[in-house]
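Below you'll find a set of structures to go through.
Two complexes, one shared chain (subunit A), two partners (subunit B, subunit C).
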Partner chain A sequence: MKKNRKIFIIAGILVVIAILLYIFLWMLTTKQPLKLNDPVRNAILQKNITRILVRNSTQVLAMVVSAVLIATTSLVFQTLTNNRILTPSLIGFDAIFVTIQTFIIFIFSSTSILFYNPYVNFITATLLMIIITLFMYRLILRKNRNNIIFLLLVGMVLSTLARSSANFLQTIMDPAEFDSLIIRTQVSITQMNLNVIWIATPLMIFIIFALFREIKNYDVMALGESQAVGLGVNYNQKMNLSLIYIAIAMSISTALIGPISFLGLIAVNAARELLKTYKHLPLFILSSMIAVIFLVIGQVIVAETGYLTSVTVLISLIGGAYMIYLVLKENKI
Partner chain B sequence: MIEIKNISQAYGQFKVLKDVDLTIQDNKITALIGANGAGKSTLLGVIARLLEPSRGEVYLDGVDMREIKSQEIAKKIAILKQTNQLNIRITIRDLVSFGRFPHCKGHLKKADLDKIEESLSYMDVKDIEHKYLDELSGGQRQRAYIAMILAQDTKYIFLDEPLNNLDMRYAVEMMTILQRLVKELGKTIVVVMHDINFAAAFSDHIIAMKDGQIIHEGDINYMMDKAKLDHVFDHDFCIAGVNGRKVCIYYNHDSEVQIEEAI
Partner chain C sequence: MRLFIRQSIVKKINKKRLFLWLAFIILTILSLIIGVVDHQQGLFENIGIFIKGVFDQDALSLRILTQSRIPRTIAIIITAAGVSVAGLVMQTISRNKFISPSTAGTTDAAVLGVLIGMLIIQTQTYTMKIVFAFVFSLLSTGLFMFILRKIKFKNIIYVPLVGLMYGAMISAVSTFIAYRTNSLQFLNTISINGFANKAAGTYEFLYIIVPVFIIVIFLATRFSIIGMGEDFAKNLGIKYGHVLSAGLIIIAIISSLSFVLAGALPFVGLVVPNLISYYYGDNVKRTVIDIALFGAVFVLLNDIFSRIVIFPYEVTISFTMGITGAIIFLFMIFRRMKYEKK
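Let's turn to the complex of A and B:
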């Protein structure tokens, strides 16, 4: 317990440092360092400092919201599917979100309220996402729960299929429509879509709250479906509800910072390794912190090196290697 | 009392259970026997509401189980499935604590902790309570699971092949414990088994299933009968008497005569 507290304190400090670095780092590292006695620059700075700080804070908020959602829902997803490798994004959920956006614009055109109003668009896409998620669970996940390799394959095929069909539609689309689509779908951590942050943040708080309320149930569900039912958990109801939360969370994080495949995998498994527990409460908290640290510090590093690469690539590099290790270990090949 | 009425269950086109009617007798060990694929585990799963039957009802103390909340059922019926593959690392004590979930929703109170202690001691795993399940022998692990079921404190206990992976000594020990549970704590236990001799030696009542139907049912003396067992398993059995008990021999037919002579 004592050791765990130390881990939490260190992680907490790192989170704070990461966030502060992201918000204030530009002051120290711009090509022409700030000289407080420079009257010209000072005037410009005074005018813009609030704007810059607000922008950076909003961006960091978007990253924190996404990271926390990715980490917690990945953990819940692993409990539901009874394994520790799959995450919603590895199954291709984020690719599906992008495809949904493309379909909306293709069918309704960019002048439709379903597209140009960011809130209506977000809600429509999220609703579709929920339906597809529930459908996918029934169709694939539930039956093949123990076949991780198969599920990973399904995830790969599905995300490729989703991306290719989106690509296809984009190719035959009106160029003007395509232009407006790009803004929505080419979201990445360097080009965040902050339009929906004010609907995403309260939604995130709601989801986190809802997940925390179910924490004891998730502990039991980790024993497996029949055991959980035997102990009186209303498994189907809890599962459907959790899947809806997962779908919303994936929509939020993909809408805000674009797809990041391996963040959930890294965060959840790192938390598991560090805490060596099956209890969801500490895992929820620590994996969220780790996700924030990875994402924000990664982004700071990328920014400092002049955007030579993107943090998504960095995380995929680490996460991909880690996943291969996990797959080999779990299957004892 | 648990009554099963007209239960049918199908996986796709294949009918696993066909209009099964059954009353489970209280304060007894009931053994469920039958060939592989006869529908024993499915029947057990349906009674313990792990599986939704495609037709029919299960009544718990006269009330249709579908009208009882899952949590309330969990206070009356406990079930242990044969595959207990866990992908989480958990200590015996934590596992047994899960047995209190229907009663406390995960917030353990004094009464729950007492019950956990009691179950750990009863199953003789108190001294290894902090060991992880994957460090245990098959027998210890099975005892840990039974301790969880005990902590759940239910009248009915359903066990799906609890003797799997146990050597003879542990298997006898397990069945002796089940007998004690019935005698000392007044439980009602239903066990799916493969070994007819174990069923005959330790249970009070035997139900034989074949092709999704109950074909014979009765006490040990009635059931340990060559014609009936041959019918159930489509196999040539030989019933012998050892120490005043009926024993079933299921191999080496030529030696039939010798065995009977030896008695």
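Let's turn to the complex of A and C:
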């Protein structure tokens, strides 16, 4: 237990360092000197500094909340699937997101309020994504209980279908409409959709708390369905509820910071390796911390090295290699 | 009695086969006559002009026929048959119905190969693209088969999921390299291709698939046997390693050629062998020709659709294919689920 406490303290310090680095590092490494004696320019400089600090803090807030959400939903998903490699991002929410935006612009044109207003657009897109995901769950889980792996396969095929139909519509679309579509759909960690952060963050925090409240049930559910039912957990109800939370979480985080496929896999498995436990509470906390560290420090490194690559690619590379390692080390699955 | 049942089954299969051949011939003719001669006219007027031109020995129509329509149709047939058979070989070797070159990272590796070839040699000839795509898809398929053998939990759906993640990792490597070398735009154009630009002089490499296809027919039984496992194959006196490498090379040749010359054809390698095995069973030697034929019919149908949907323009076949293939694949999944429930 003492050893674990050490791990938590180190991870906590790293999280704080990462956040501080993200907000303040540019001050130390910027090539322009920040101190000027001219009082007029000084006022402008100070205003700009405040503006940059506010922007960086907003971004880091979005990243932290999304990272925590990705880590926790991946952990819950792995408990439900009883598998250490699958994560909900495999369903391909980014393709569904792009398709929804394409359909909105194709049917209502880019001057419609559904597209033009970022709030209305975000709410519409997220709602549609949630409806599609719930529809998928109903279709599969009603017929074939607990077959979540099946759900993943259908999800992946559906996302290919979505991508193809989006491409199809984009080919025959008006070029001007296509330009406005590209601006809206290319959401990534360096181009966050910061307009909507103030509605997305409270929702995400709500889901994190909702999952947190169920932690004891997840401990029981990890034993398997029949054991969990025997111990008095309403397995199906809890599973459906968790899947709904996961759908909402993935939809929001995709619309806010874009898809990051392997982050959940790295965070949860690293937490498992470090703690060597099956209890969800410590895993929940440590995997969230690891996800934040990876995402924020990764972004700091990428930004400081002059954008040699994007952090999404970096995480995919590390995560992919880690996944193959996990698969090859048979007993770890 | 037994003999009688057998005969009636054979009759039924022959009837289906006849139907398949008929569809194939009709679609081939359609593929030859549909297209643009005069872009100001509609679809049916164009067909009329073309047919009349061919019968009147009109120089323009004949040139269109020999330089564009025939090469395009041949390219479609060969590619479709090849990709379907490559999917069949992969599914037989790995004994998993949900595996195909597009769900096991082979296509992603071909993209990586073309990218690296372009960066090293700086030219974009077909030969160079094919060689690099071949080497990379061979290495990648080999590595994937190696990983497959190490997986303990061989759920039929879990394995393609691992394959897709593996493919995602390979395309992350491609994106990384392209980002560093400022060739992201080139990367995006690699997989966009199709049959629209196939004219005399650009498709001839595809003929390499024909002898490979004949080799598959000869090796079909061996592939089925090594699908049953290494020990079993050795018991029957088959050189496991040799046949496996032959299979991997065949998959890599077909995938790289079809990918470089015709672009990605999503779901063909997955859907076609599965649909055929519903009707004819799993005897690879007997079904390989049906699979090739059905693949050709399927892709011809999609190509004709993409040609007429926004006539006189056309959409890329991979989009159409992604939509129709996905719908059929979903249908297959649900059907399987229904049977498993019973």
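The rule we apply is simple: the second predicted complex is superposed on the first by the 285 of 333 C-alpha atoms of A that agree within 3 Å, B and C clash if a C-alpha of one lies under 4 Å from a C-alpha of the other, contacts with A are read in each partner's own complex, and residues count from 1 in each chain.
Operating definition for what follows: a contact is a pair of C-beta atoms (placed from the backbone, for glycine too) under 8 Å apart; a residue touches a chain by one contact, two chains touch by 3 or more.
Computed from a prediction, not measured in an experiment: that's the story for all the values here.
Q: Please work out whether A:158 is in contact with subunit B alone, subunit C alone, both, or neither, and reply first, second, both or neither.
A: Second partner only.
Q: Just checking: does A:84 make contact with subunit B only, subunit C only, both, or neither of them? Give me first, second, both or neither.
A: Only subunit B; A:84 stays clear of subunit C.
Q: When the two structures are overlaid on chain A, which partner does A:233 contact: first (subunit B), second (subunit C), both, or neither?
A: first
Q: For A:278, select first, second, both or neither according to whether it touches subunit B, subunit C, the two together, or no partner.
A: first
Q: Considering only the touch criterion stated at the top, classify A:261 as touching first (subunit B), second (subunit C), both, or neither.
A: It touches subunit C, and subunit B stays clear.
Q: In the overlaid three-chain picture, which partner chain does A:96 touch, first (subunit B) or second (subunit C), both, or neither?
A: Once the two structures are laid over each other on A, A:96 reaches no partner at all.
Q: Which partner reaches more residues of subunit A, subunit B or subunit C?
A: C
Q: Between subunit B (first) and subunit C (second), which, if any, makes contact with A:219: first, second, both or neither?
A: Only subunit B; A:219 stays clear of subunit C.
Q: Hey, what residues of subunit A end up touching subunit B and subunit C alike?
A: 83
Q: For the complex, which residues does subunit B have touching subunit A?
A: Per the stated touch rule, the residues are 45, 48-50, 69-75, 77-81, 84-90, 94, 98-99, 101-102, 105-107, 152.
Q: Note which residues of subunit A are touching subunit B in the complex, please.
A: Residues 82-84, 215-217, 219-220, 222-224, 226-227, 229-234, 276, 278 of subunit A touch subunit B in their complex.
Q: Please give the residue numbers of subunit A that touch subunit C in the complex, ascending.
A: Listed in rising order, the residues of subunit A that touch subunit C are 83, 85-86, 90, 140, 143-144, 147, 149-150, 152-154, 156-158, 160-161, 163-165, 167-168, 171-172, 261-262, 308-310, 313-314, 316-317, 319-321, 323-324, 327-328, 330-331, 333.
Q: Spell out the part of subunit C that touches subunit A in their complex, as residue ranges.
A: Residues in contact with subunit A: 98, 147, 150-153, 155, 157-158, 160-162, 164-166, 168-170, 172-173, 175-176, 179-180, 266-267, 310, 315-316, 318-323, 326-327, 329-330, 333-334, 337-338, 340-341.
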